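Take a look at the structures listed below.
Shared chain: chain A. Partners: chain B in the first complex, chain C in the second.
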Partner chain A sequence: MLILDIVLGGLILGGMYALVASGLTLQYGVARIMNLAYGEVLVAAAFASYLLVTAAALSPLFGLVFILPAGFLASSLIYRVLLVPLVRRAKTREALEVDSILATFGLLFVVQGLAFVLFGGQYYSYSYLSVPVTIAGSTVPANRLLAFAVAAVLAVGIYAALMRTRTGTAIRAVAVDPASARLVGIDVQRVAGFAFALGGGLCAAGGVLVSMFLTFNAAMGVVFTMKALVVVIMGGVGNLMGALVAGLLLGLVETSVARLVDPGLTLAATFGLFLLVLLVKPTGLFGRAGR
Partner chain B sequence: MLEVSGLSVSYGLHRALEDVSLGVGAAEIVVILGANGAGKTTLLKAVANTVPAEPGRCVVLGGRDVSELPAHLLVEEGLALVPEGRGIFGELTVRENLLLGAYPKRARAGEAATLERVLALFPRLSERLGQTARTMSGGEQQMVAIGRALMSNPTVLLLDEPSLGLSPLMSGELFAALGRVRETGIGVLLVEQNARRSLAIADRAYLIETGRIVGEGPAARLRDDPAVRRAYLGEAAPGAALPSHA
Partner chain C sequence: MRGIGLRLATVASLAAALGAAVGSAAAQDKIRIGYAISKTGPFTGGASITTLPNYQLWVKEVNAAGGLMIGGKRIPIEVIEYDDRSNSEEAVKAIERLATQDKVDFILSPWGTGQNLAVAPIMNRLGYPHLAATTNTNRAPELAKRWPNATFWLGLPSDISVSFVELLAKLRGEGKVGPKVAMVSVSDQFGIELSTAARDALKKAGFELVYDKSYPAGTQDVQPLLKDAMAASPDVFAAFSYPPDTLGITDTAKVLGFNPKVFFVGVGTAFPVFKQRFGQNAEGVLGIGGWNADSPTLKDYFKRHVEALGREPDRWASPITYASLQVLGQAIERVGKIDRAAVIKEIQTGSFDTIIGRVKLEGGLLKEVWAVGQWQGGEFYGVAPTAMAGARPVVVPKPEWKQ
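Showing the complex of A and B:
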């Protein structure tokens, strides 16, 4: 059934977008770091997963247990070493955004260069749970279904943590108004660094999940950065719910266009939707008015 | 409770605050009066360390030297600032705003009890806990801002123009609330445009002109001081041509 195929395929694709974008919205919306190396970190996690699966014969799900915290720690280190000096000298958030674009643009080439040295330019993939599962007459590979389930668990978990815990509320406070956040005793730089690291952890998790069913190579990072950025801006910068909804929406629209019109028009559909959202709501679906 | 001395701030070449010293005791309301641009807001910001002050200042809070502490740690020491324009988290709910006020460790243990006290002080807020803060009226937002500051269990509360833009009725309610805040033992340092109302409630006052303290005294005495009445309470100078009622 075509409709069900589109909905299932769209949700699975959109689930990946949503997870990957939620990491970027934490980095961009809370820490105000426009991380151009985001996709590179994702690809690095995909390669790490590839190595664990092929060399150590581990299941990617088990790999996630290592790679997600590694993404968190690596991002925390990047923030402390590379970005804190920029945070210290930035007079405004806008200045920090520009500085961080330049710094992470450099980081992009470092990570990508390392990936090229280690893995070359060819495409990689591994086979994991590539068995078809039939849902109400529609066939989906089990690995995609599993990736979607894990993405959903992570997204719901991170959303609940942001809404329900004290640290989560502090993260949202910093996203909304960092100047006021320090007046309630929040160490803004620390919370921003934590949010950046958390975003890196989600990014790495996205890399592992994507590697379960997608072929990838060292040059693909920018594609993920771009898609994630489109979703983040469409949803409203710094708004997790926005990133989740916009991600799912983008997945559904892309899949519909690819199945109903022409697969070659997917990218056109992406930017068509992007433009449409920005025309109607310039600050994004869940964005604040009058920024 | 709060002792400040030698506080100076410059914005580039402009000297905004020059060697200011002042004190606020427990259960005392102290008001700072001055014209626009005299340095009132800068003074509060410099005490709360949200603008950089020049070296040589000394800020003592509850007997501890806190001159070098960054803004977020000053909250931990018991200093809470309600900034000009309120600085509430507009996108968050009233409840989230208030609970964020109790983010400092000093406030966490007593969080539930403090929330009850704050809601007793501002009963309007208890019906609005789930509302997004930015959708409230100016007076209600000011209550959220003050409530949030009180949630940090402060010993000294700094308030920057809390009655700005409020209706007379609402500012009356606000000043009454400040009186009840004082009864709990908190020291209040208040910057106000509304000299009449603030002198009526305050215990002491400082007069500030172009960044310097030019006068201080008990509020009751300043209320009756002809110079103060002229400068801050809008009374005409003696001998000025008054419209005749004849």
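Showing the complex of A and C:
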């Protein structure tokens, strides 16, 4: 069944994009930190997962229990040590964006350099649940399906938390308008720091899940940063639902173009869609209208 | 063999001629060797598997022996290393810096076809021997003529494709495979050169291309490609792919239970990570490269590589890279002084004993290079060109994937 193949394959690929992008949308949209080291953190989590699987013979899902909080804590620390001084100094959000790009660009090289020293530049890959699962006649790899399921659980959980809890509401308020958020008694800096750390946790989770089926090395972070950035901007900066929808859409478009038109045109289709969205809705699918 | 007296006389006259400007060169206590290599960016993977470990291994071994024998004295090597950040402009800048500021005696090549082609003009202008061990381009014969200081060691992409198709034609003659071929390739220069050559050769040999598509580099899901390739029920599947895709394609083929009689994947098949990742399932997989694993010198090299670096070499360009360094070292020793023009001439015309056997370049090219290898019993043996010493018979059909 071609249609089912496309939908299933597209959703699974898109789910990965969505998960990878959801952390960045929290960091960029709420904390206003354009984290260029995002992909490096993701790759660091993939390495951690690799170590747990190969050296300690643990399941990567079990690794998630450690690595996700570790990503949260590490990001929280990065925010406090490296970024808070920038936040304090910045006169406007735009200034903070520029400063954070420079600072995280430096961080990118630090994390990448550490990964290179520890692991070298060669490729890493491990086999986990690399077995077929058949859903209504369409075959998909179990590891990708599992990653999709975990990503879905995380996404629904975070989305519910954003919509239903006080902190979640505060995060959304800061994403929409930090100046007004302050007026209603929200500690913007604390909320922004929390959102940045949460984004780091999601990023680490993405790294663990991606490592189950992709080959990676110390230099590959930028690939994930770029893809995540496309999804974030397409979905609307700071909007989690936007990132999820845009990620899934991208996966579906890539898979259908590969199957129905030509696999050589997937990249063109990605950027075509990106361009189209920006032309029609410059603030992204779910972005708020103008500033 | 040249007379020692003549050699000493030349050293003396050279020292006198150059005078104080390079006064240190006469009483040289170090040979300065520099290189720019990708330690960040997309080329890091290839550079860290094939090139950097061999540079480290060679320098370590030469220095453990006291250095290179120059003018009757062993002189140790001092290394100056830069990161070219997988960027050709950075590589060119680093080479320029190595030559003009660091004043190194010799420069080793960067990793990859693109980087080597980028630095070739400046290496030529500065007069350094350029041993492009990891350059695979159809233009190599022409470039070797244009830049006489440059030598090319990895064969031509068309050789790889043609050797592969010859192998297929032979198998077909023996009735072991049918005429249907499915082919995918990465859509950059490497993939295009290989797939174009393969397409022509397949057509000439009377094969039928039932699926022929390219994909952008960095594709993270190859399932759509493989599902369509599989639907065409080919006898032969060939992917001219890069390492992450090579692993992805193989894994996806396994998951989908795609079992063509011949399964060929691109760069990365020869990497140790392939064996580690697929274990038993690597058995019978064909790929670019290969080596004669039974050769005692290569066995010894393998052992030294693992001991010194803690990991296995790749089974395509690693031994060739190491051999190119041996050639450079021997050429320097034969010339007996830091005379780059003479070293270039020696590399071009001399004959050298290396771990891959006797090396004698023809027109600046190493001609005897493995094109196709196959995993057999946990080792990636060279199977084509069949005329190569130690070529193993190819095992067809590939055993079915075990889940």
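The rule is short, and it goes like this: the second predicted complex is superposed on the first by the 291 of 291 C-alpha atoms of A that agree within 3 Å, B and C clash if a C-alpha of one lies under 4 Å from a C-alpha of the other, contacts with A are read in each partner's own complex, and residues count from 1 in each chain.
Criterion: a contact is a pair of C-beta atoms (placed from the backbone, for glycine too) under 8 Å apart; a residue touches a chain by one contact, two chains touch by 3 or more.
Keep in mind it's a predicted model, so treat the numbers as computed, not measured.
Student: Following the overlay on chain A, give me a clash-or-fit verdict for chain B and chain C.
Tutor: These partners fit in the superposed model.
Student: More chain A residues touched by chain B or by chain C?
Tutor: So, of the two partners, C touches more residues of chain A.
Student: Touching A:255 in the superposition: chain B (first), chain C (second), both, neither?
Tutor: second
Student: Which of the two partners, first being chain B and second being chain C, lies in contact with A:187: first, second, both, or neither?
Tutor: A:187: touches chain B, not chain C.
Student: After superposing on chain A, what angle in degrees do the C-alpha centres of chain B and chain C form at the C-alpha centre of chain A, to the nearest 10?
Tutor: The vertex angle at chain A equals 150 degrees.
Student: Kindly classify A:122 by the partners it touches after superposition: chain B alone (first), chain C alone (second), both, or neither?
Tutor: Only chain C is touched by A:122; chain B is not.
Student: Who does A:179 touch here: chain B (first), chain C (second), both, or neither?
Tutor: First partner only, chain B.
Student: After lining up the shared chain so the two structures overlap, which partner does A:170 touch, if you call chain B first and chain C second: first, second, both or neither?
Tutor: After superposition on chain A, A:170 lies in contact with chain B alone.
Student: Which holds for A:94: it touches chain B only (first), chain C only (second), both, or neither?
Tutor: It touches nothing on chain B or chain C.
Student: Rounded to the nearest angstrom, what is the minimum C-alpha distance from chain B to chain C in the superposition?
Tutor: So the smallest C-alpha gap separating chain B from chain C comes to 36 Å.
Student: For the complex, which residues does chain A have touching chain C?
Tutor: So the residues of chain A touching chain C come out as 5-6, 9, 12-13, 16, 109, 112-113, 116, 120-127, 130-132, 139-141, 213-220, 223, 254-255, 258-259, 262-264, 266-267.
Student: Would you mind writing out the residues of chain A in touch with chain B in their complex?
Tutor: 166, 169-170, 172-173, 176-177, 179-180, 182-188, 288
Student: Within their complex, state which residues of chain C touch chain A.
Tutor: Spelled out, the residues of chain C in touch with chain A are 38-42, 44-45, 47-49, 52, 86, 184, 187, 213-216, 218-221, 223-225, 227-228, 243-244, 247-248, 251-252, 254-257, 268, 271, 273, 276-279, 311, 403.
Student: Once bound in the complex, which stretches of chain B touch chain A?
Tutor: Chain B reaches chain A through residues 48, 50, 70-73, 75-76, 80-81, 83, 87-92, 96, 99-101, 103-104, 148-149, 152.
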